[in-house]
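Note that subunit A is present in both complexes that follow, paired respectively with subunit B and with subunit C.
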Partner chain A sequence: MLAVQRMRQNPLDKLFVRIQTHFTAKATGWQIRRGTEMAKKLIKPILDTRRGVLQKMAVGAGALAGASAMPGLMRYAQAQSSEPIKIGFQCHKTGIGAAYGRWYERTSDAAVARINDMGGINGRPVELVIEDDGTDPKRGAEVLEKFAKQSNCDVAFGTLFSHVVIGSAPTAGELKLPYFVVSEGHHVASGMLNRYTLQPGITDVRSQVIAMAPFVADNLGKKVTMIFPDFAFGHDHRDYFSAAIKEQGGEVIEMIAIPPTETSFTKYFPKIPRETEVIYHVMVGPAVLTFVKEMGEFFGSNKPEIFGFIDSLEAVDINSPGLEFLEGTYFWEGNPRYAQADQTSFDKNYREAVGVNDQGSSVTDSSDISTYAHMFGCWETLNVIKKGMESCDYKGPDDRPALIEAVEAMTDMPASDDHPQGTKEFNGKTHQAFGHQYISQVKDKKLNVVHTTPIEAGYYPDEVDYTKQPF
Partner chain B sequence: MRPETKSLALHLGLLALLVIAQFVISPFHHGNLSRIMVLAVFAMGYNVLFGYVGLLSLGHALFFSAGMYGMGLAMQHLGVSALAAIAVGILSAFVLSAVVGAVALRTTGVAFMIVTLMLAQAGYLAILYFGTYTRGDEGFVIQPEFRTIAGLDLTDPTVRYFAAFLVLAVCLLLTLRLVHSSFGRVLVAIRENEERARMLGYDVFRHKLIAVVISGTLSGTAGAVYGLLFGYVGATFATVQYSILPLLWVLLGGAGTVIGPFIGTLFMFYLIDFSSGLTSAYMVVAGVVLVLLTLFAPQGLAGEVKRRLLPWLP
Partner chain C sequence: MDFGPYLLLASLEGAVMAAVLALTAVGLSIVFGVMRVVNVAHGEFFMLGAVFAWWVASWAVGHPAIGFVLALVLAPILVGLIASAADMIVLKRVEYDPERTIVATIGLLYIIQQVTLMTFGPEARPVQPPFNQRLALPWFEFGENGFEIIWPWGLGTTSYKLFVIAAAIAILLAVWALMSRTKLGLYMRATQLDRQMAQAFGINVERVYVSVFGFGAGLAALGAVLIVPIQQAHYLMGGDPLLLSFIVVIIGGLGSLSGTVVAAVLIGMSDGVISMFFSPTLAKILSTLLVAFILIFRPQGLFGKRAA
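Then we have the complex of A and B:
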């Protein structure tokens, strides 16, 4: 007020204000943001100094005094409200998760473009800050620090591989940086992580596996042989499915763990008992094509029912040579790769926005197969972040706890353009979403959905209550 | 001034700089430096064997992860305190390096590289095999409430920085002492001419074995401390990639110099961090820089300084 009065008294200031007003009115949002960023860059080295509290105070006092006297700095202060909301995207651009990372990035870009087209979040544009974590937990934690301390991101999101999530989550907790993962691992709901880590956009492996068991027992057979990779993801399948099939009156008669370094599988197939009615396989990694080919050579035309998780064949064309043996077999899909006859308008819009055709590949390159069963999680998670920020009127990092509480308060997530995979229920205590699972059969070299599980089929007792943890 | 005094002053100067850095650098670089200091201890351990004895190991991830898992499993399953867990981690690396040394030192040259590589791979697979306890490839979290020593909260950035600094300082000064000792000189003699050292009456195998144990124990110390300070224990740290990294850090910084591993680790960390901000093909940038350094500074950064300016650099 004093500054305004002073400016009114000074003719030179009057002229300056008029020039300022003229240019400010013409400035686009981009220009304002650009100016803000430049101003931040100029003062950042000082503000960033540790233990520079006195310096910060001096700078702050100076800035306040300056702002009252200099209209240029007032413009900066006004532009704060239109600064973008920064979402740090921990992306598997390189390393074993690169195929997923490519499509996670495309999906996230499309989701952010849609959110910005709709007016952003709380009237502010959204900016995705992408960093490659190399699918490595050490680098993953470093990337989170970069998001929080250098890029000034409001939240972090997007991680798929479980070891990266688990390696990064402690850092997210220490930084008090909301960390929205799209991993399908059970690590969040198991209680291993912390209050700042959430998984609202995709179901977890435990939920997926127990939801499959009734279909397998009722339609394929009750005597199951499991073939799984001998690491944590495979062990989750082993433990949860064997318990779930037992509840359905079935049993796992043989468990065949395959070491992760294995390149040929012929020596394992003779271990499959003769009375096996169903083979349950979840082979992840580049050796999956060899696995399927060798299994086909072993069984020939006289094969048992076969049920697998599409994780093995994400980003792989189901028409690839050697995969003919999969004809007639069943797969879990998080989201159906092929557009179905009863396709929802939500799925149609989502495909179009991301650039995926009805066969599940890129609209610009049909040989570029998407990771369709998982990548919807990025889209839905970004919409959850938007909804959470809007419901807590998120303004900046100080509101991070409020954002967590807002997401924890969510329950119903109805199928919509925000949730194209289908309706979900969010459990605020365990920070985990629950939803429908799809079972598809390979028919004429396409995946056709034959069963959709109810959401309740994936429920299990809570293992943690994160809401009781302090911020 | 005697060379030993000069080198002590230089290394104490580095440590003083790191103390000052705590107060002046931004939070981002502060966090990075905490990581770099612990990883530099890993590189220093590697350097004892590679830089001073001339033995190129491709299996040091085994020692790093032995320290990390020794610490982590003791806390997770035995419920021991953080300090005791660190001791268990260091002891694990000590025992394992003695066993590995006794086996691998029966070979030389390329065979030594292959044996260490295979033993490290066996260690990695063992972690996966005992997944019930280790949680396999996913690893496990050391919960914040257990990450305290003498009431000091290791999740606090300042405490963590000084904890990392303390470990670096102790290991740096120990390595310096080792290099200046008669034992260290014998190691250099073995590196330069093993047969001559043997002819002079030195027990080469014994010296090499002790070097492997020192090297492995330092690497294991880094692993245990890294796991505790950053709250995660995982099989990724036992993969071959983590055997190659200390080799690169040492080559970049200067093999056979005490300060080189720290410089190499610092340089590589920021090279990756900086180039990843420029392009998604950041490993290409890192690769080109590495090739250029190898061409124009084959003895590493500190090695070049030693050659051109400071011949007394240990």
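Then we have the complex of A and C:
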């Protein structure tokens, strides 16, 4: 029996087992006695040898065991006042939101660097703890738990996709972890979530579409066909735009819902009725370029008016082959991708800090198009967190309720380097910010802003008063 | 849209899907037929094909057609080599044991997917089609003036989509010729019929296995290169083709080439038509239901031979 087993074991297995037993036995014994500094000295020469990955793994495990054997040592070593404020960043690094995640991360890094350059928050440096949520609600909730229990973050921040926000917010409420989202969805202001969830850096879909509807009805047409992604974010568009266009004397004659993971779209377009005057499209996911391209192929030269949310084109080059038909069509933009003639100094500074050129792409790679219409929300939210922490003199997790109260007390957020997208009004009761919306037209393969809505155009009656909920 | 033009458009979309699906599923079917290996990583070889196509096309200069043709040649070869290596390094070591190969190919699936994520990244990237004219299609109706030809709104396709259908047919014919007219095909069929007997007749079964595994993966990659100018390369794109290929292979009969092609056309066309008239979800529900019925009432598949 033994002989058979020995014969089956191949050389690689043997090597692995040998390395494992050698290092786990040796490393744990030594390091627990001598502390992490010693461990680092030990690891260094070993890492430099050729045996590589397997050894790193084994030694890493040993070092971890060593470090966790001495809890508190790191903590006391540092003066309390200089300990960084940790912001857990729930990032769509992978999954259908990956393009947004990449730019949300760059923007947040730039915002944090700026805050630290200005002296941090309450004299303490700020540190982003980044975790990938895979654009998945279940993983999102786990990530929040990790922030609260494992990495000891002060607040959580960052998410865009509405299903991840909706899936994570209950966990934030249970853990009593302030959760600042940059999501656009109406779920915050609708009262669906809880007191610990706030959206101070970006406007919500309901506000966007009611500000937008008069422009569509007055300039493009009254009979609208809507194409939207089939999840919470798309449903906000469906519900609030159809109500808003009705108020303007128009109507939605067909609604086409498409799963956000879909990769081929031609099969949905024949549902567009012939009497359609305006196509209203908003799409997300990795296949948005295919979506817009196939829409162009479907219509050919004979197309209705087209009004899209820039989501359908975020991170996509408007000069891509097949998108020529977009010339003359309109887009909502949360923040204009192309630097406009009347660009503010705030927008200029913000672009420079994040590394975005006047065409809205990365300064180092012009084919890497930003998600410019959304990512400003990260920058602004981080500045709101800073301001909130400063006004409540935030010291640590015990002050979390005070932080939320401090943000709830905010109202005016004037356009500034902290708020480069423009002036905002924050509603502390609904935890939602309101701001300007931009409508751009594609002209000479560039997006030119043709209309800016006033902030009041996006107001609607409060649906919730979170300040009445207990902490 | 009226029923007639709508149906025509649905059939065209279905045909493109069926074409790519046929290539992918035939790859899976050959691997199963000859090697008796259920290759769960097949969808990832499809994805790798698309990713390599993007990679090759982005290196090539000049007209997009140059990059595309290079991709059409190089991507399947590269993927085939990777698959052959996987066969030698992994599948051979587990002695092609049915259970262990399933687990091993699941492992391959994750390795390929995550390595792609780490290198290629999470974005969807487009490949330019070599040519892409929009072709408006006419339709006829009997109106007030008698027989009339009209050009309905939205009824059209692109020259590239027609090319995908034609190319898939040509490749399938070539595969058929390879299997039935060449010595390599003879070896494959002999190994499929009886592995030990083939070995007794001096066929190097190990080498046949290596080439079959690479060939099957190469076919999936070829399907992906054809579809990538329409759909874009993305690291998660292997899931759907894998599921549909399994459905097709089960319906067509495991290891039966003609059955696989017929089932691919059936599933591809019905998916196109049903998802246009009703919903894509219903199309998936129906094809999965069909699989269930086939497994109950005709476990060997439509064209499969009952196992001895």
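Here is the rule we go by: the second predicted complex is superposed on the first by the 367 of 471 C-alpha atoms of A that agree within 3 Å, B and C clash if a C-alpha of one lies under 4 Å from a C-alpha of the other, contacts with A are read in each partner's own complex, and residues count from 1 in each chain.
In the analysis below, contacts are C-beta pairs under 8 Å (C-beta built on N, C-alpha and C of every residue); 3 or more make two chains touch, one makes a residue touch a chain.
Predicted model only: the values in this text are computed from it and were never measured.
> Which partner does A:T94 contact after superposing on A: first (subunit B), second (subunit C), both, neither?
both
> Between subunit B (first) and subunit C (second), which does A:A141 come into contact with in this model arrangement: first, second, both, or neither?
first
> Check the residue A:Y459 against both partner chains and state whether it touches subunit B (first), subunit C (second), both, or neither.
Neither: A:Y459 stays clear of subunit B and subunit C.
> Between subunit B and subunit C, whom does A:F346 touch in the aligned arrangement: first, second, both, or neither?
A:F346 sits against neither subunit B nor subunit C.
> In the superposed arrangement, which partner chain does A:P321 touch: subunit B (first), subunit C (second), both, or neither?
Second partner only.
> Would you check which partner chain A:A287 touches, where first means subunit B only, second means subunit C only, and both and neither mean what they say?
It touches subunit C, and subunit B stays clear.
> Which chain makes contact with more of the residues of subunit A, subunit B or else subunit C?
Greater contact footprint in residues on subunit A: B.
> Applying the touch criterion given at the start, work out whether A:P259 contacts subunit B, subunit C, both or neither, answering first, second, both or neither.
A:P259 contacts both subunit B and subunit C.
> Please identify the positions on subunit A that touch both subunit B and subunit C, taking each partner from its own complex.
93-94, 259
> List the residues on subunit C that touch subunit A in their complex, please.
It is residues 1, 6, 9-10, 13, 17, 93, 117, 121-124, 126, 128, 132, 134, 136, 153-154, 156, 158, 230-232, 234, 236-237, 240, 272, 275-276, 280-281 of subunit C that touch subunit A.
> Quick check on the complex: what are the subunit A residues that touch subunit C?
10, 93-95, 98-99, 101-102, 259, 262-264, 266-272, 274, 286-287, 289-290, 297-300, 302, 315, 320-322
> In the complex, go through subunit A and note every residue touching subunit B.
Result: residues 45, 48-52, 93-94, 131-132, 136-139, 141-142, 145-146, 149-150, 162-163, 166-167, 169-171, 173-174, 185, 187, 192-194, 230-233, 235, 259-261 of subunit A touch subunit B.
> Which bits of subunit B are touching subunit A when the two form their complex?
22-28, 30-32, 35, 125, 128-129, 131-132, 135-142, 144, 155, 157, 230-232, 234-237, 241, 272-273, 276, 280, 282-283
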